[in-house]
Amino acid sequence: MKSHLKDILEQVRQGQITVDDAVKKLKDFPYQDLGFAKVDHHRELRKGFPEVIYGLGKTNDQIIKIANAILDKGSNLLITKVEESVYTSLKKSLPQLNYNDLAKVAFLKQKEPPGGQGKIVIITAGTSDIPVAEEAFVTCEIFGNTVEKLYDVGVAGLHRLFGEMDKLMTAKVLIIVAGMEGALPSVVAGITNIPIVAVPTSVGYGASLKGLAALLAMLNSCPGGVGVVNIDNGFGAAYLASLINHL
Amino acid sequence: MKSHLKDILEQVRQGQITVDDAVKKLKDFPYQDLGFAKVDHHRELRKGFPEVIYGLGKTNDQIIKIANAILDKGSNLLITKVEESVYTSLKKSLPQLNYNDLAKVAFLKQKEPPGGQGKIVIITAGTSDIPVAEEAFVTCEIFGNTVEKLYDVGVAGLHRLFGEMDKLMTAKVLIIVAGMEGALPSVVAGITNIPIVAVPTSVGYGASLKGLAALLAMLNSCPGGVGVVNIDNGFGAAYLASLINHL
Amino acid sequence: MKSHLKDILEQVRQGQITVDDAVKKLKDFPYQDLGFAKVDHHRELRKGFPEVIYGLGKTNDQIIKIANAILDKGSNLLITKVEESVYTSLKKSLPQLNYNDLAKVAFLKQKEPPGGQGKIVIITAGTSDIPVAEEAFVTCEIFGNTVEKLYDVGVAGLHRLFGEMDKLMTAKVLIIVAGMEGALPSVVAGITNIPIVAVPTSVGYGASLKGLAALLAMLNSCPGGVGVVNIDNGFGAAYLASLINHL
Amino acid sequence: MKSHLKDILEQVRQGQITVDDAVKKLKDFPYQDLGFAKVDHHRELRKGFPEVIYGLGKTNDQIIKIANAILDKGSNLLITKVEESVYTSLKKSLPQLNYNDLAKVAFLKQKEPPGGQGKIVIITAGTSDIPVAEEAFVTCEIFGNTVEKLYDVGVAGLHRLFGEMDKLMTAKVLIIVAGMEGALPSVVAGITNIPIVAVPTSVGYGASLKGLAALLAMLNSCPGGVGVVNIDNGFGAAYLASLINHL
Amino acid sequence: MKSHLKDILEQVRQGQITVDDAVKKLKDFPYQDLGFAKVDHHRELRKGFPEVIYGLGKTNDQIIKIANAILDKGSNLLITKVEESVYTSLKKSLPQLNYNDLAKVAFLKQKEPPGGQGKIVIITAGTSDIPVAEEAFVTCEIFGNTVEKLYDVGVAGLHRLFGEMDKLMTAKVLIIVAGMEGALPSVVAGITNIPIVAVPTSVGYGASLKGLAALLAMLNSCPGGVGVVNIDNGFGAAYLASLINHL
Amino acid sequence: MKSHLKDILEQVRQGQITVDDAVKKLKDFPYQDLGFAKVDHHRELRKGFPEVIYGLGKTNDQIIKIANAILDKGSNLLITKVEESVYTSLKKSLPQLNYNDLAKVAFLKQKEPPGGQGKIVIITAGTSDIPVAEEAFVTCEIFGNTVEKLYDVGVAGLHRLFGEMDKLMTAKVLIIVAGMEGALPSVVAGITNIPIVAVPTSVGYGASLKGLAALLAMLNSCPGGVGVVNIDNGFGAAYLASLINHL
Amino acid sequence: MKSHLKDILEQVRQGQITVDDAVKKLKDFPYQDLGFAKVDHHRELRKGFPEVIYGLGKTNDQIIKIANAILDKGSNLLITKVEESVYTSLKKSLPQLNYNDLAKVAFLKQKEPPGGQGKIVIITAGTSDIPVAEEAFVTCEIFGNTVEKLYDVGVAGLHRLFGEMDKLMTAKVLIIVAGMEGALPSVVAGITNIPIVAVPTSVGYGASLKGLAALLAMLNSCPGGVGVVNIDNGFGAAYLASLINHL
Amino acid sequence: MKSHLKDILEQVRQGQITVDDAVKKLKDFPYQDLGFAKVDHHRELRKGFPEVIYGLGKTNDQIIKIANAILDKGSNLLITKVEESVYTSLKKSLPQLNYNDLAKVAFLKQKEPPGGQGKIVIITAGTSDIPVAEEAFVTCEIFGNTVEKLYDVGVAGLHRLFGEMDKLMTAKVLIIVAGMEGALPSVVAGITNIPIVAVPTSVGYGASLKGLAALLAMLNSCPGGVGVVNIDNGFGAAYLASLINHL
């Protein structure tokens, strides 16, 4: 690998090279062509984290080959949205692979990632939201963040939230996971000045429209300070929270 | 008018007549045929309140004729969704007509309606929700209820809600009016055991989808005890709350 | 448990304590932290009914632990949206658990709940709507209400509704369950002055959009007096109806 | 005009010519090319009614030229969805043009159309649905049908419908026009065996979604015998009803 | 059964009795209360066809009991949306039951229904639309109509439609079944004056939105004469077509 | 301007330079920074046509400044979605500006664009679709194509289409513009092997959902060979058709 | 077969026969009536490719009969959307049938199709989009085109796209397949002047709405030159691209 | 004002007081009851910024009274979504009020807010997105942030983005504003590790669905690091970005 993006960016920040030169180098960054995939070995330098495998719609064979390409570079491995039966199958080729069965996430940590500066607190409205929260949890950890969980403190019993405010207030960033009416991010945004990454979940039925109701509620939060990611996207929430936590 | 529905229903409750006989009488109840409208003079007996005029999509002339038919029977008059310019025009024919310009409701009370037993408290999340709340207010009043207002206590500053809890807790029924994320009914349902009639409003923009976001949130309320009416339907909320308050 | 919410609320109503003081006590109310759940033992005092377990999205192990926490407090247990296979599994740990297989509701009554004042009548438009109606039925019963059923009286044969009017008219509150065009709440609202809790069901196909058609119809009911809950939400309808019936 | 479609179709029915020959002739049918429009002078023969001008999205000049082309052939003229200001402008060029201001339909009858066999009864749920019903009325009349109106008999006061059943039962086809929850076609279909053409209207607000709620309700009618046309499409309803009435 | 609806309606048509008297009798019409169902034995008189069982959402036991109640009255039996496994199970209790496995319709004809006057032609755009068309076919037959099929003549090869025009033109009513873009009813409406009942199907994927695309297309048909029923509702189309064919 | 994209691409095609080198040069291409806009003077080289101004959401002043920047380079000017009042205002600064009032497009041709190889035929279903077709027409012309118009040949009178087949068959590419049910592209795709660019229009009302019905229909075309652009996007259709015509 | 469409069209282009005569001949073109299907043997002449079987919603038996009818004419066979279990079953009757298990497409090439003039390059944003791309690939090949694949070059690592620009720039037409945010067609359209056929895929979850998000993004592409087909419609994209490539 | 939230929070962070005590104090925080509004004077302490007035749905009189209440406390004033005519009217009572006519935001800075640590760069895809970007700009400034603008660098000419990378890379947080296909946040997220707040705009027409297309695209961003706010919500984006920038 000819050059490290981090160095390049540092040089840009310090005015040592022009951005023009930086961009020209970008095109020379390495990727590994597997035919069905072009593994972006450069991403770890560019984004701070290596490429993550989205498990849906890929064959086991494709996942294994991409995983090996990533592991061969010494990077940490994260595979999201993996059914347990797929994990069992992957495990045969990748015996050190770990699995969070609530989150349906497989992972393998080969080295310590750069640590974040503060703490990320992951909050759920209910117990049924935990699978999405756990996806965020595994992602935050493998991205080098200190994380704490605060589950089942939704609006049906707000005293539970109030009773855990000291844990909540120690966060640098909050990830709030809620389905149904998705009111919890608004409530928390009304009482704190901590940036919130809100994750709607598909928990609910009927007019929850598979999470659209919670999504819309979060996008319309009256109190400010809320950024929203896709329904059930614990991974994406952790990604953004981790970027903020590494500032 | 041959028979009063109230009497009939009382007789049914007391077993003095069969419901069969009661239903047979229903068909004989009076309505007044204006060609473009069949004014249901029987509704006051059947439902407790006289027919209410929905102002949209009717010509001024039609509204005036229906209004006169209702007033001629000595009933109270309520016209919803009436633009001020229409009211001004109606006023010429109906000089005693009153108007709530926030609610865009015209009304004329000719007699005292039967009183409700408890109090209805009307709550809004924000100031922009007031027009819908006022429609509920005027309707509650003309239907004979004691009403109190509690405006602008939404989730952006929950201490305002907590600070007004004593007013809230005196209600027999709550009407809660909220736009944007529509979280307030859920929050209140989490801390009280008072039946809630929730009214989503079209306050908001973009992903509020003209009130659909708030509507969906209210339908998905995690805490129980919430019944929802149409977007911006202050009238319908008051109707249901009044029925409950007259139990 | 330091204080009973009911007492507190009574004191508020009688002006013996300020609401400020009441709210301050709220935060001290007990909940039991199971890690994945914070069981709200205070809810029974606050809402009149103990916490109810929403069965979807929870592991069997989570359900059992929450159920035991509730039962240990001597409260009645209600678990909604439970597949029969899950129930069979739960039954091993909770041998006294009962199951309504139409409603997919598991329940265990340990004590007699406070009784409602009137009767709740549950109406369905068709036979296919019965599962949702039965969820409402089990919930109404465990919440202490007298309930009567009136099934399959939809608009395809209105004489069946008229023939059962005497049963219908004895209700203090109506729960009306209907799929497809969802017209029945409007029809009943046109002929009675009893508050109606309307439950759209996902019965139908194609343009029923899994119950959205019925939901929209009920929200747009021309006659007043109708409050709507989520699609297939028999539990939520019973919750609201029970609150009204306990007024 | 070389051949009359009616004659051709008659010959087909009687086996005098093959349909192959009939179709070959189709391509030779006349149309008049105005550049911006190809006026289909053949339609009257093929469909029983001449081409009708859809007023939206056309310039006054375009409408006038098409109208003159139709009138020049001695056909009756019907222009739908015409604002009053446009009509006033058209009137200058077409002084004999008539206008139904409720329906926003302009028309000019030059000859008597072939009469239908039975009667079409047009029903509305409310007064606000009348504009759409009037569009159907004008269309039915200019297409040669006997028509009767039965307005404002919706579910808010079903005794009005029952009280007019004798008028309703004389129809060969029913056109039922309703907004909001759109329940009336279902109710009528439950008690008659007359074919129903159902027209949802955009009367309502909020969750009526500009008539979608009524449209979906009508498509999901539990009782059979209901065919649905587009929202506010009084013209289309009359077209279908007229075809049935001319059978 | 005290009175036959047909006789009553005849008397109304001939002015021998008032509709008032007719309606009064309606309430006395018989239905059989099975608890979970109120079988409407009166429907055959009122609508011309007996009650039809909608198979979805009912237990086998419920279906069998309703079916027996209908058969006991000597009526013909029709059960729609029945999976083959359910049919196999029903067959044990109802050995004479027949099954159309394309349509997933079970039926048993005990007597000859009153015949229609003309012929119904059922058209499909493609082969994949046949299941819905067959549901219409079975229904038309058991309702006493002469039916002919014209399958796979969609817009991808219009010469197939033109080549079968002589069959098409003999119809009194057309049922046109199409998925994907749903263009066929518009095309046929452009070249005939026969009333069309259009049935959108869920054939397609992606932006067909499970039949919504075809539904919307049919509702927006530019040529007139098209009435639309629910997606995949072959039964409903046959119901309406049969009413028209029996005029 | 250091280098012409066309030359670069030619060199790439002929293997004279690597694409790597070509891409590196891309970043050096010129754009003019107006603060509120970065006018892409390079686009004409890269795409074959200069930057086109999308008129909506821009102030008159912004449009004029961008227009002048484009004209100063000697390029042809095209401004879409411009209301007549805006055009009148622009005209003061740009006196040679032309306007197509049906299309609401302003344009000024300073030089002859490179000509296309074949002919583009623009077809509309109805007269109301002409504004969108005219937007396509002006765009095609200013992009150097030979264009022919074929308006008002929709499915309500297919013989008009058949009668103009010789004009249609001379096209290298077809642009087909249709609202309502949007069936025309499917019909034409069924009988030709010419690539079709389909443009849904917002012509229609109610369930046309402002053009969504036509859009969905076109996306679901059963016959192949149809590419779809945005609703009312005559410009985009012309852009794609012109690229194909210049192959 | 009396006449070849290709010859007819050639004669039309050369003015040797009128289109009128051409159209008249169309109706005489052959199709084979299998009852459940009318196999359009004429399509190969008319469209350049023979009829293709859409596998969904057809029984195995229907597919085999249509396939045999096509093969008997010496045409190439293509069956889309075929599950592997169905293929295995078909294989017994059609032993030479091939299968692309990623694309779920079965095919059998009996003769060489007419070759296209240029090259089609098929691009995917990610590995999960490959099944749709492969459907396009098989279709392009059997339609006689030279095809190249460029997989996994989405916006998460644009340097991969830049690194493969030389492959991309050799195309006459591009097929770009992308799910999730569907941004790749816009990005490519911004830097090339090659016509793009964009295929949204259902890759994603939650707010991807099964591909609607990508579909809408592609329809709204700011850079011009993009035509869109249905979600997951690799076949349709290949069809259009092949028509363009054969120009 | 008894206590400053900031102090309380600091004490919590330093363990000097428990959060329990902190929360108890919350309820005592001041708000000013204007009847139609409860002005939350406490918000500045709690959230870092004072209450902001949402201009839609409020009367001029209400806005002025709330504004005065805020100004009286010495806080800075921000009023969003204010039409110019409303501003002109407000200006009479609040002569020092400023107005950004692109953003439709009124504001009045009375004191210097606490400064952020880094820089916020606001990016737009096009010129038509500027009004929303300007709303973000004014908000960022009044909230004490250093801000830079980078307008019109969308995917139609990516070299403009590359050419401004040095400006972009100096940001601590990015606000990216885009309508139509909303691809820009994904593209930027692919090449940087700076947290992105994405703002979809309603720029576009037809299938942009008033910004829903861009919203969905942003929620489905394949590259991570993107948090989304409501359509056209420049204010909300600035709020979140400011919180992050003040970390």
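Letters A, B, C, D, E, F, G and H mark the chains as written, and numbering starts fresh at 1 in each.
By our rule, a residue touches a chain if its C-beta (ideal position, glycine included) is under 8 Å from a C-beta of that chain, and two chains touch if they have at least 3 such contacts.
As the structure is a prediction and not an experimental result, all values here were calculated from the model.
Hop distance check: subunit A to subunit E, minimum number of steps through touching chains?
The fewest touching-chain steps linking subunit A to subunit E number 2.
If you average the Cα atoms per chain, which one ends up farthest from subunit F?
Chain C.
Scan B-C, B-D or E-F for the interface that duplicates F-G, counting it as a duplicate when over half of the contact pairs agree by residue number.
Looking at which residue pairs coincide with F-G, the repeat is B-C.
Mind checking the centre-to-centre distance between subunit B and subunit H? Centres are C-alpha means, answer in whole Å.
Taking the average C-alpha coordinate of subunit B and of subunit H, the gap between them is 37 Å.
On a C-alpha centroid basis, what's the spacing between subunit A and subunit H, in Å?
Spacing between the chain centres: roughly 25 Å.
Mark out which residues of subunit F touch at least two other chains, giving numbers and ranges.
Subunit F, residues with two or more chain partners: 20, 23, 26-27, 126, 156-157, 162-163, 191, 204, 206-208, 212, 215, 219-221, 223, 230.
List the residues on subunit C that touch subunit A in their complex, please.
It comes out as residues 26-29, 31, 35-38, 40, 42-43, 51, 54, 56-59, 62, 66, 81, 200, 202, 210-212, 215, 230-233.
Using the touch definition up top, name the residues of subunit H that touch subunit G in the complex.
125-126, 154-158, 180-183, 186-187, 190-191, 204, 206-209, 212-214, 216-223
Provide the residue numbers of subunit F that touch subunit D in the complex, in ascending order.
102, 126-131, 151-153, 156-157, 159-160, 162-163, 203-208
Which residues of subunit F touch subunit G in the complex?
Within the complex, subunit F touches subunit G at residues 9, 12-13, 18-20, 22-23, 26, 46-49, 52, 118, 162-163, 165-166, 169-170, 172, 191-195, 197, 215, 219-221, 223-230, 235-236, 239-240, 243-244, 247.
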